[in-house]
Structures are given as structure tokens and as C-alpha cells.
Amino acid sequence: MSDHGYEAGRLNLPFVGISTFGKRPYVADWDAIEADVAILGAPFDFGTQWRPGARFGPRAVREASTLFSFGHAGAYDHEDDATYLASDVRIVDLGDADIIHTKTDESHANIEFGVRKILAAGALPVVIGGDHSINIPCINAFSEQEPVHVVQIDAHLDFVDSRHGVTAGHGNPMRRAIEKPWVCGMTQLGIRNVSSTAKEGYDDARARGSDILSVRQVRALGLEAVLARIPAGARYYVTIDIDAFCPSIAPGTGTPSHGGFLYYDVLEILQGLAQRGHVAGIDLVEVAPAYDPTDSTQILAAQLLLNFIGFIFHQRR
Amino acid sequence: MSDHGYEAGRLNLPFVGISTFGKRPYVADWDAIEADVAILGAPFDFGTQWRPGARFGPRAVREASTLFSFGHAGAYDHEDDATYLASDVRIVDLGDADIIHTKTDESHANIEFGVRKILAAGALPVVIGGDHSINIPCINAFSEQEPVHVVQIDAHLDFVDSRHGVTAGHGNPMRRAIEKPWVCGMTQLGIRNVSSTAKEGYDDARARGSDILSVRQVRALGLEAVLARIPAGARYYVTIDIDAFCPSIAPGTGTPSHGGFLYYDVLEILQGLAQRGHVAGIDLVEVAPAYDPTDSTQILAAQLLLNFIGFIFHQRR
Amino acid sequence: MSDHGYEAGRLNLPFVGISTFGKRPYVADWDAIEADVAILGAPFDFGTQWRPGARFGPRAVREASTLFSFGHAGAYDHEDDATYLASDVRIVDLGDADIIHTKTDESHANIEFGVRKILAAGALPVVIGGDHSINIPCINAFSEQEPVHVVQIDAHLDFVDSRHGVTAGHGNPMRRAIEKPWVCGMTQLGIRNVSSTAKEGYDDARARGSDILSVRQVRALGLEAVLARIPAGARYYVTIDIDAFCPSIAPGTGTPSHGGFLYYDVLEILQGLAQRGHVAGIDLVEVAPAYDPTDSTQILAAQLLLNFIGFIFHQRR
Amino acid sequence: MSDHGYEAGRLNLPFVGISTFGKRPYVADWDAIEADVAILGAPFDFGTQWRPGARFGPRAVREASTLFSFGHAGAYDHEDDATYLASDVRIVDLGDADIIHTKTDESHANIEFGVRKILAAGALPVVIGGDHSINIPCINAFSEQEPVHVVQIDAHLDFVDSRHGVTAGHGNPMRRAIEKPWVCGMTQLGIRNVSSTAKEGYDDARARGSDILSVRQVRALGLEAVLARIPAGARYYVTIDIDAFCPSIAPGTGTPSHGGFLYYDVLEILQGLAQRGHVAGIDLVEVAPAYDPTDSTQILAAQLLLNFIGFIFHQRR
Amino acid sequence: MSDHGYEAGRLNLPFVGISTFGKRPYVADWDAIEADVAILGAPFDFGTQWRPGARFGPRAVREASTLFSFGHAGAYDHEDDATYLASDVRIVDLGDADIIHTKTDESHANIEFGVRKILAAGALPVVIGGDHSINIPCINAFSEQEPVHVVQIDAHLDFVDSRHGVTAGHGNPMRRAIEKPWVCGMTQLGIRNVSSTAKEGYDDARARGSDILSVRQVRALGLEAVLARIPAGARYYVTIDIDAFCPSIAPGTGTPSHGGFLYYDVLEILQGLAQRGHVAGIDLVEVAPAYDPTDSTQILAAQLLLNFIGFIFHQRR
Amino acid sequence: MSDHGYEAGRLNLPFVGISTFGKRPYVADWDAIEADVAILGAPFDFGTQWRPGARFGPRAVREASTLFSFGHAGAYDHEDDATYLASDVRIVDLGDADIIHTKTDESHANIEFGVRKILAAGALPVVIGGDHSINIPCINAFSEQEPVHVVQIDAHLDFVDSRHGVTAGHGNPMRRAIEKPWVCGMTQLGIRNVSSTAKEGYDDARARGSDILSVRQVRALGLEAVLARIPAGARYYVTIDIDAFCPSIAPGTGTPSHGGFLYYDVLEILQGLAQRGHVAGIDLVEVAPAYDPTDSTQILAAQLLLNFIGFIFHQRR
């Protein structure tokens, strides 16, 4: 009954072969997406306020994802006694949106174009940044979709309206999102310490209905209570800034902040979301591999994404 | 009511500009210190018994501190709903004490000279090491001050009296401190596993009244019980060896030791101390950036110091 | 009463001298082992499925072990109020088994040869890998010994029987072990997420009596309950794959997996095992120093081994 | 007349997109190779005698090759006033040969299989190692081809016949090659200092007709004189061990040796070979990216291969 | 006669003190520049087409420059038997131009503003990038000055007119410069291999009078002949892209290219220029420290700039 | 006739076994040295004026030296058609001199003690630093020997008499040496650019008879002319500061300086010295491995020392 890939032909060890996401097929023709999930790289990083380098996030996460590709017929998890991502979940890798150096608006437009293609094909968009500003075109691409509740997992509030004319940097995306008619709510988890958002931003966010919880608050509440604050049965857009995590496991990022989440903190929230509603879109941003010579950061990103996609489609079966 | 710096002129992003501590003014004339807090670098590291490099600690912590400098009117913390370090807290950076290679006593004397200048100006000295031996001249400089209770946060007891004639290395400072008439007590937190202090040192410390707690003991007691063991309303001198922390977040140090504190363990102790008494002096030592290519260690040091100073002056208002 | 080494002669700081394990004597003649503990390096890494480099594990762990060598008369632990590894515990370093490039069977045979020499001398073998496949010859060498219960601390089940003809790679050792008549039981701790073992392997392991617990399951049960599942009074062979640990403290390994153990999780299990039965053999594998520029991984390995050996002989006194 | 890719559509900057060699098409079906050049990865590294890691050479060289992919209609070289690699040179990337951990012969057989497929399709095989032992299956695959003269560019002679039964490690390939009836001559350039080949190997090589020149000898002779020692008009198989180069530009390799070639030394030899005869096969081996955090080594490998392929097809026009 | 700084007070070793350029005074008020030379950081890097990170170039070069600051009364060079940069050469550090993330034009305008302030004060502007696009505002700032001959030292021609609307990226500056009425000529040294400039760019550059020489051409001509091609007695604007150098000494850069200049190649050209005419402006760009853990790249940049400034003012005396 | 070690027993690949120098025997009893060459580590680095870390030089060079240990019966060099270091050259490793942290004089005395033991045993001392100040005790130890001519290979003159009381730092050794009655001359090669020695030091050195040549001067003169300036038939003490080399091949050092020697520049001088007179003592200093993640620096040091010792004893036969 098994159809492990290695039984039919190549052993195909993780270190062997071209680095597409999960070693899944590369689809160059974005008008021919036939998939449940489509991966899109968004290697844009002119929006950062400290260390750049997230433009190499998509390639780094792709290569790290091959570590989890042993050619089995799905990924068996003994804790859940479940097999995730069997061959009936069709994942494709679209490569990257076209980025134009020195040009923010044009680059963002190209990202939006790609996400719209994925949505048009009926697939789940999973966008790998790039800095957090790439969330702006991702959310824009949902303009024709049913409303989504945005769940942000991040160290920083990213709720700056405009400063020195900047409205599309990596400190602005949540402010941009909440302005959209098709964004019906927002939960911001992991927020801590100083960032580019000043007190006014917090006041603004709360006034607009956002629910803001720090790492300590999330832990004090517990998983169930946190999930209970998020509307059940809704459509979720989940945006994961890797700096939500403790620098101990995610140092490869532009603006690290101590006191972040550990692995299971976030994994269990993602599993809870997959069970609680419909995940309509995902982005994972701010992986900057140049700052993590151990590769732990991109391995974390890949491990999270593969598990999250697994949870989502396990639920949909 | 706001006076965010970027509203008046430059955006002044964290990566822009000269690296003084927190981008605060550099004061070259130590006879003209007008400040609440004065930062002094003590780039001495001939006292180490394993990896040297803490001489670059002051520069590394300074640069890391700019990550938290977004030009806001103070640092808003949503968990405390408080704004720390508004413009009424005057912080200056004095640069470094003069270090003489091959010469321990002369270098230490130069550090003591700087701390005395700060105390004479009525400012809070915050000394960035350098290895832990620099605590010796720091404590010496308090000879004319009201007595202090020393709170050490460290992996190692640093309580060696003398061995092979060494009395001023990084294994000796707590023994040197407790000898001083102006040191009225000592609490040593985070101590664990083997170090340069042998059993005799522990016996000596306890005999002299020191309260020694390991990481696991601190956690088992809980924050409140730990604070309760420290005299309330006293003057505290707080010495933070970065190796008190788990190597997961502070690998950039000379003598790492597994099983250390995580971020909130220490942050909350510092916040508690700021509320419980008067913090009269601070040093933070053993940041050796060469061993941490991710910069997490110096970011931790900067994040801790900025928060700790914030807590102290928030309380003093 | 003290006989600290530095009192008689050299200060012998940790950074000084040749890197044998714990600065203990090197014994080149394996027919003349007179010791309680014999360290053997097994620098073989052709069995890895992702990043190689564990061949430099033995040298890295040796050098890291000197960090804990201050020349004291044993290692005083203030938490236990105990002095471990006093001079009556004789530890020797045998250097490495001879490895033949391109040749797996021949290299494994050389490792087995070394372990048999240690066992013949009545010493406790402590083998430093190399990849986890080196556990196979280690277990083989116990064929003439009383049965052992294998306790594996690892992220991965390593229970692949055979795939593409591979039966002696780093995904196979636990399957190889359980086949042996002299292996009377198996406990597998820390197992999580996807690995080279597919669902069939888990079914096979459970059918053969293995007790499999994830990190979260170990924590939920608690130390005592976990220990209670391991036969008391038995002879244990303990195999520690460093990737059992969280990549935050052990990034220097071939196949990192997030969500792993922290330091005390494992330290306390090891201390518990030392008290609960007779530890007859130890290997620690998969330290690949090239991926951890901070050296935290090898420091962890050395700190664990020195403590574990200390616990064992403290109990035996 | 131009058909720069960016004029028709995407700017496609070097950092954007999936990392195939030169961003050329990936061909998964090895029975459908329609190309002038076919790239094959051979990520095998169990043959190394010092630092492993060349298994990540193919991926590293692929990613580095994208640095030179600006989407122009060929690569214009102002020194030669020539445009290389215009669209009429069809390059494809076949991905990697299947590697079986712990199994040398089986892995080598899979490499040979891939090279035979390329030769059957009439394309030029360009194989990226892996360690130098992968040259053995590459040469094997030429058994049905017209004879080739092997030109080796390397620090080490790699001429060990057999030692401890090892005949297929990275010290053996040139000895294996010269045994083949279809290898009609050998030139070994860059050879210097101690290696796994002892004096007997040099005697053997010379007795079998090999021409051995050190770096200093190559420089003293000059380019033209060196080329004159290689048969004109012959078919060449060129094997480039990246450790032929000075560690200053190629530190990312298993067994570095000081005193190596600089860039133009080798570039000009390759250009000379392209003009002097028919290049029938190429391998480039021993790029181990883990040891070069600057990426210079893989950039060198990519820059050399792209130029060499350019020279060859410029000549063939 | 000596006035070495250390005789009067502090030893001031290189590793001690705040990192301004050459430990010279920081001048925050750009309307009060009284100096012969003014250093300005231009930490902009959104113009890069491969690895970003040059925004940290100014800080890295500043810190590296302190290595050459021993407090002597000038820098004695025994080869020239000359003392450079004695106290009569007044150098100040202005800090950095204000950079606005996501905004190229605004950031460039801030750089131009700073250079204009320096020129207005009659000082020599020395701008430290940032990517090579920052040369565009630097040249713009010379609009009111006497014409300059631009001498570019670089691997890449940087002569792209416009592509996908990009006219101010790091591939465009030389095209932008030659358009200016106040640029009276151009010499481009070190140009080699493929870059963002296609064949049309070379034709364009030559048509507009640029003199293009590769590294090999510069070496074949020799220093004197190269200098002879540059107008004598002219005003020079010298723009140094660190990637002109061989990656062996300058790996810390965005787009490395093998076959570059070595240290004396460029040092002697700079010394020749200082003697041949009037150096009116300097920029040094593309130092990206994240890619060079050895710090060699920034040390090279600092060593070059200090020597070049020394040569210029030695000549002017 | 061969007695390659691997024929009799173990293959003993370079990565296998304890890291003594060249895998030669460790001799703990310094009163029982029976050898032609004795290696002594001098891990002292409090004398540095920039980056510390040379205390790990001895261990790093030892491990790197194993790369050249293939178990052959000597090291065959095909360029010289000579076999160096056959078994009749007895090399032993004495481990390290005892270093006392914070104590310069005491540490230096321990180094002197070790060198005197070597000289007393009639062996050639080869001391691995440590910073260049360790040359001071090395030279002191020759007080009872026939006079030596000191040949220094270095970037820096190291001729500071005293500054701020420092007379035994790494800027002082050549000044200290020339004062000794048993130092009969001095040649300083590779000296360039600014260092801790000011103009007065150069004047002083020349007045005392030192012959100072820069890298460019050495190259312009050529090998023979340089050797001709050194007294023939004399006894030489050779002190090699690794920063004499270009940072491209020796970045792992405290005070790098661009424009240094390449490998053959120095190798040929050393070979020439071995032929020209009697080498009576050697030290190699300033290898600081923390700054070179590629290991090139220590490989260079090991490759040089092994070759130099080979040349010396080849000549003595």
C-alpha cells in the first residue's frame, strides 16, 4: 500500500537534487498552476531598518526544506499518529516574484501579481519573504476574496502609518492590512519591547480592534485561551515573522529581539488555527540566512511551513 | 505632545550613524559629565582563562544598542504600558578607559579612575567589559560611597582568593568585593557546574555571608522569593556576567556554561531590583563578539541594559 | 587534604596543553588500558544523510572538555554538594579508531575492535562519534557481555531496517541493536518530527518492545515517571545523539530538528540513570563542529559527558 | 538584434529564482536530453581524507552561478571582444546522481550512469563534485568513446594504486584513469607539497607517461610552453580539483594546500585548451562550501565553468 | 619635536574608544565643518543586484580604521621615508547621511546634501558607501564645482542607462556621471568578466570617451603607462568599488568577481593620482562586512583610504 | 625499503587521532627530551594591541599539522625530488608553557624555562605562539648559546623601546632582542605600513645595525640578493609573525596588514636560510584561529613549519 518514492527508483537523500520547496515540482508557467498549495518567493528586502539579506530567504528556506524530504509516502508524526502531506496534497513551487532593485512599488506589484495568480488557480498561497513589507502586496491580492482575519506572529507590531513618507516598509504592513475592507480582524502575537512602532501605533491598533498579546501573555493565557480570542470558523491569513521567535533558534533575521517564542509555542498555535478555521493565505518573512551560519533559522522556517501545510490539509480531508 | 526625533529632522534609522551607546552623546571631557547615566567601556581581557576577546565588548554592545534607537520619544513597552527612557533621562557615553597591554594593575587603575569621575558627577555608572576582572576596579571606585549590596548574575562564583599569585583575574572579583568595608552583602545568582572556584571558594563565600543560588534554584523559588532574599531598600551594585545566560542566547563569551538563564529570568530580576531598592552601579561583562557571528549576545546585552536603565529611572521619577 | 593539581606545580589553565579528553592521559597501547573509563574516538561520518562533518566530533569534544579542566581535585557541584571525578576515577583517552575512507564495514570493524579492548580491560567505554552509525559496532562489541537495555536520546528513531541496501547508515542503528540477543530492551527519548524512519519503522519498533517518547511526552510525564518506565537495576547502554537537543544549544550537527531537549531535561535523565542501574556503555554522536562557529555544541557534549561520568562513579563509590 | 531576456519580460536579477546551473532548464528525464552541455551533480564525499562536505558542492556552485545570470543575450567579455554563451548554446541541468550513504560502489555507479546518458545524448558532460573520487565513474563512462587525454588541475597527484584496500577514494582517481585503454595520455598541473600519494606514486605516474608540473614550474614555463606539452588536436577530459587554487580564493575545500594557482593561471590554460583541441568532458570537484563563509570558492567554480564552457563553444562555432 | 598623543596622556590603543574614522572628531553640525577632509557615511544598499549589506560599510570601515590609530604624530612609512597625516591634516567624521528605507530618490538626495555641505566648507569629501549607486548623488553634488575627470576602480563597468526603469541602481552610476557637463572624462580600471552592463554599455562608454582597462591590461601596461592615459594636472574624482579587488582580500562585498586587483596594484595608482593632479572627491563603496568574518575587506578599505588621504595631503604641502 | 606507517598497521588518515604536532610523540617530562626538534606551545596573548586570540595558536597549528600526516615514510617533494622528515628526524611535542592570566612576567618566565630545557637537551626549539611578545623569553633563553643573527619575517617592526611602561608587549620584541649580547645581527623582512613602532623606532633599529626590507623591496631585490644581505654560515634565530603574510592567506591574526608576502616568497627564504647557515631556533607567532573560519592561517603555519624543519634537517644530513 506504501508508495515511498525510494521503492520505485532513486533513494533521493535530502542532500541530493535541485532545491525547490520540499523537492516539489517547479512550475514556470503561472497560468498553469494545478495544485493545492503554491509556494512563491518574494525576495524583496529594501524595507528593512537594520540588517538586510531577507532577499535570500526564499532560496535558504527551499534548501532547508529538502532536509525533510526523505522520499517517504508522506510525513509520519508519531505524536499525532498521523501521516501528513501524502501524495494527494499537491504542492508546487512557482519560483520568485520579479524584484526590481531601487524600486519598491514595482517590486511589490510583481509580488501581488503572483499571489493573484495563485488565488485564481484556487491554490493556497504560501509566500516566503523577503522582509515583512511583502505582506502588503500579499494582502492586496486578496481584494476579491472573502474577508480574512489576519493572525500575525511577530516580535514587532509593524503598525506605523507613515513616517518620512514611508508607508510600505517592514514597519508598516499591519497598518496597511487593517485599512482593507477585506480584512475583518487582527490578532498580533509575540509582540514585545521597542520597535519602529511608537506608542501611538499601539493606540491606533487597539482602536481599530486589534488584539495584541506578548510572548509572556500568550504563555500565561495558555494555548486554548489564546485560540479562543480568535474568531472560530473564520478565514485566516497567517503572517509569520521569523523574529517572533527567540534569537536562540532564529538568529538569521534582520531585527532580532530577545524573549521570543520557542518552537512548540508557535507550532501549537498553527495546529490550533488549522483546526479552528480555514487558512486562506500564509506568508513567512524575514529569514536572512547571512546572519545564521548554523542554518537553524531556515530549518525552523521550513519545518514550520511543512508542518503547518500538513495540519491544514490533514484537516481538510 | 510627542517629540519623536524623526518628526523634527532626520529619520535616523538604527543602522545610520556613529555607534555610541543608544546613539547618546559622546563626552570626551570626563570633568564635564552632566548626566543621569554615564556609560564607560572597560576593554580589558587579560584576566580570562579560556577564550579572550571581551575587549571588543564595549564596541559590540554600543553598535547593538543602536538597533533599539528608532528616534522615538522614549521606548514604549506595551506589556507595562510605560514609556521608558524619555528625553528627561540624560545618558552619555564616555568612551573607554585607557588599557595598557601586558599591564593588569595599570589598566584596572584607569577603569577605577573613570568610575570615580562618574560617581563624582553624580551619575549612575554603567560599565561595559571587558572580562569580569574589571569589576574589581569598579567596586574599588565605590570606596567613598554609601555601602552597597552586590548582586551578581553569573554562571561562575568568581570567588578565588589567590592562586599562583593571581588575585585580579576574572575568577577573583567576588572575593575581592566581599573584602571591602563598603560592600555590605552579596547575592550570587545563576551559579552552576565547574569553574575556577573550587569547593573551598564556595565554603568561603558562604562563610562570609553570600547567598548562592543556581539557575534551577532561582526558578524553583520563583521571582518573588528570590527578591525577598535580597535586602529591601538597599543600595545595589549589579554585576552581570553575560555567561549567566544560556549559550543559546549568549554564545559570544569567553567561558560559556550550559544550563543558564533565559531572557525573562534575568529581565524580571532586574526589574524587581529597580523597584526594590536603589541601583547605584552596574557592570555588564564578558561579551566577546568574535564567538557569536549572529550578534545575538551583544543584542542581548544592549537590550538588557537599555531596559534596566529604563526600569531604574522609571522608578525614580 | 586537597590535592589540586595547581598547588603542586603548573596552573594549567583550560586553554593550555594538548587536547586529550579532560586533559587525561593518552594511552596508545590498547593492550595496556588500566582505567575506570576509556574514551575512544570514532571519527566516521559516511553514514549521514544531510550534512557530514561528525568525523571531527572527537577532536572538537576533546578540546571543549579542556574548558572544564581547571586542575582542581575533582569537580565540585554546589547544587549536589558533591565532588565528582576526583583523582580516584581513572579516565584515559585511547585516541581514535582507525577509519578507512570509502569503506564502511572496515571502519566499523575498527571501532568494534577498540570497544572490545576497553571491555576486555574492564573499563567503561565512552565512544565519541562520528555519526550515529558508529553505535552499530559499539553494540556489536557487547556480544560477550551481560545483556543491556539501550537508552537512546535522539531526535530520530533510527529504526530503518534496510533501504537501497543500506543497513549500516545513521538511520539504522536502533534497528540493528534490537536484533541482538544481548539487547534486552529499548527506550527512545526525544523522538520527533519527520526522519529517515517511516511509519513502518515506528510500528516495527513498538512491535519489538521499544518505548518511544517525544520531547513533549517526556516533559508531560516528568522525570520520575520517565525513569519509572526504564527497568530498574538493569545494565544500560546509553546512546546520545546530540541532535536530541534543541538546535539553540546544539546547532553543530548533521540533521538538526527543532523542538529538542534543553540541557537540564537530559542532564537529569542521565543523573537518574546513573542512580537507577549500571551504566555499561556510552556513546555520544553527531557532533559536527563545522556548523557551529560558537563551539556551543561541543561544549554541551563535553559538559554532559563529564557530568554523566561523574554521576556514574559517584554512585559506584 | 538583441534578445536580452529582460527586454521581453522579467528583469530576473541574479538573486531571483530557482538555483539551477546558470538558471538554465532542469531536465528530470535523462532519456530526453537535448542540449550541447549537460550539468550533472555528483554529491558524493565519502572519499575524502580530511574535511568532508563536498556533497554540497553541486548546490553551492549552482547558486553561485546565478550571480552571473543577468539575463543578457550571452556574456560579453570586453577583453576578448567576444560574446560567450549566447542562446544558441543549449545548457541543461540534470540535477544530481543518486547517492547511497555508506555505499561507495553503488554511488559511483549512479554517477557513471548519468554521464553515460549525457554522452549518449551527444552533449558535453560537466560534472560537479563531490570529492575527486567521482572522477572515477566519470572516466569509466567514456569506455565507448574515442580516447581522451586527461588534463588534471590539482594540488595533489591522486595517484595511489591501493592502500588498506582503498582503490576508489579521492587519492586514487588518476591512477584509475591511466589504467583505462581509452585514456591516451595525462597532464597533471599544479601538483605540490605532501599528499596521500607517496614517492612511489610519482614514479609510477611518470613511468606511465604522465607529465607532472608544479605551480612554480607552470609559471616558469609560461602558458604557451605548458600548452605545447599537451597533444594538439586531441580530445581532452579536463578534471579540475578546486584545491589546485590558492586557499586565498578557494578555502572552501577538503584538503587545502598553500602555493596554488591564481585565477588567470587556470583561466588561460582552460582558454588555451579550448582552442587547442576538443574538450570532451569536464568535472570540477572538491568544492565544500561549509568551510568558506564568503562563498568565494563556489563563485570561483561557477565563474570558471561558465567561462570554460563559453570558450569551448565559441571555438566550435 | 614629537607630539605623539600617548606622550601627553592616554596610550589609546587601537581597540580602545569610540569608532569614528581614524578616531578623528565627530562633527554633528554640518554647518560648522572646519577641516581638510570630511568623512561621510552613505549607508544605502537598495541598489544591489546580488548580496545586500553595504549599509554597514561605513561603520565597518570606521572600526577598521582604528586599527591604524596608534596615537603617533602621523603615520611614518619607511618605504617612502615620509610621515603622512600629521596633525596639520584636519580630518573630521560627519557621521552618516540620513537613509529612508524603501525610498531611493530621497535617500540619494540626503547623500547629495551632505556632500554639498562638505564642498561648501572647502573640505575634501570622502564618502563611504553603501552600494555604488551612492556615487550618483556624490557626482551630482559637484554641479557647481570645476569639472572633474572620473577615475573608477571597479570590477564592473556600471554603465547601464536604464533597464526596467532602473536608472539609479548600482549598475548605473558611470552612465549617470558621464552625462554630467561637469564630468570631463572617465577612466575605468579593473573591469572584467560579465556584469549588469551588456555589450551595448561598453560601446556606449567608449563612444562617450571612456578609457576602459581590465586588470590584465593594467598590469601589462604598467603603472606609468596607465597613469599617462589619465589627463595630467586635472581634477580627479576617484570612485573605488571594493570589488575591483581580488575576492582573496575583499570577499566582503555584494558582487565579487575573481581576477581582481591586489593591494599594491591599486595603492600605487592612488599614489600616482595624488602626484599627478588634484583629487577633488573620493568615494569607496560596496564594503559589505557580513560576508567577511575575517574583517579583511574593511581593513583593506581603511588602509587604502588612510594612505590615499596621506598621499594627497603630503603632495599638497 | 619503505617503512610507510600504514603498511604495518593503521591507515591513520589525517583526521584521525590526537592532535600533537605532526602526530609526533607528546613528551610530558621536559627532563627527558630525546629529539632533534622539540615543539613548545606558548599560548600567551596579553601583549596584543588589537584582536587577541593567539593563545589558541598552538592548538590550531597542531591540529592543522595533522593534515600533512598521511603516514608516509617522510614527505616526498617532487619539485625538489627530495624526501623530507623521514623517521630519522626525531620530533617531539612538549605541550605548552604554563601561562598565568593577568601576569606577563611570570608567563614569559615559564616560556623561557621551556626553551632552556630544549636547548639543554640539544634539540632545535620550535615555539608556537602566542603573540609576538613570546619572542622575548625565547631570545632570553639563548643567553648561554653561541650568538645568533635574528631573522624576522613580519609586517611590523616591533621595535618600540618603552611606552607607558610597556616593554614586553608584542610591539617590543625586536628592540628587546637587539639589546642582547648574544644577538649579533638582525634582518627584518616584510615590514610595511603603520604599526606601533613610530619613526624613532626605525631610526633606532637602523642605528643598531638592523637591515629593514619591505615586501616590495624583497621582491625587487630577488631571493638571492636578499639572502646575500644575511651573513653566511651564521647561526640564525628565525621569528615568523604570521601577519608578515597577505591577509588573503593569513587572516587569522591579531593585526593584519595588507600587502604582505605570499607563500613562495617566504618558503624560498626559509629554504635559503636552511642552506646558508645553521638555524638554531624558530618561533612562529600571532596565529589567532578565531578570525579565520576557513583554517587557512593555521594550515599555512603548519605547512611552513613542516617544510622549514624538513629543509633544515635535509641540509644537516
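Residue numbering begins at 1 within each chain, and the chains themselves are lettered A, B, C, D, E and F in the order written.
Quick note on the criterion: a residue touches a chain if its C-beta (ideal position, glycine included) is under 8 Å from a C-beta of that chain, and two chains touch if they have at least 3 such contacts.
For reference, the UniProt names are A, B, C, D, E, F = Arginase family protein.
As the structure is a prediction and not an experimental result, all values here were calculated from the model.
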Of A-C and A-D, pair with higher C-beta contact tally: A-C
Distance-maximising chain from subunit F (Arginase family protein) - centres being C-alpha averages: A
Subunit A (Arginase family protein)-subunit B (Arginase family protein) separation of Cα centroids, rounded to whole Å: 37
Length of the line joining the C-alpha centres of subunit A (Arginase family protein) and subunit F (Arginase family protein), rounded to whole Å: 54
Centroid distance [mean C-alpha coordinates] between subunit F (Arginase family protein) and subunit B (Arginase family protein), Å: 40
Junction residues of subunit A (Arginase family protein), two or more chains touched: 11, 13, 15, 49, 51, 55-56, 100-101, 164, 166, 246, 248-249, 291, 293
Chain pairs that touch, as defined at the top of this document: A-B, A-C, A-D, A-E, B-C, B-E, B-F, C-D, C-F, D-E, D-F, E-F
Complex contacts: residues of subunit F (Arginase family protein) adjacent to subunit B (Arginase family protein): 45-49, 51-53, 55-56, 100-104, 106, 133, 164-166, 168-170, 290-291
Subunit C (Arginase family protein) residues touching subunit F (Arginase family protein) - in the complex, by the definition given at the top: 10-13, 15-20, 26, 41, 43, 55-56, 59, 62-63, 93, 95-101, 293
Subunit D (Arginase family protein) partner contacts - residues on subunit F (Arginase family protein) that touch it in the complex: 2, 4, 6, 11, 13-15, 67-68, 70, 72-73, 75-79, 83, 246, 248-249, 263-264, 267, 293-296, 299-300, 303, 306-307
Footprint of subunit B (Arginase family protein) on subunit A (Arginase family protein) - complex, ascending: 49-51, 157, 163-164, 166, 191-196, 198-200, 202, 212, 214, 216-217, 246-249, 251-252, 255-259, 291-293
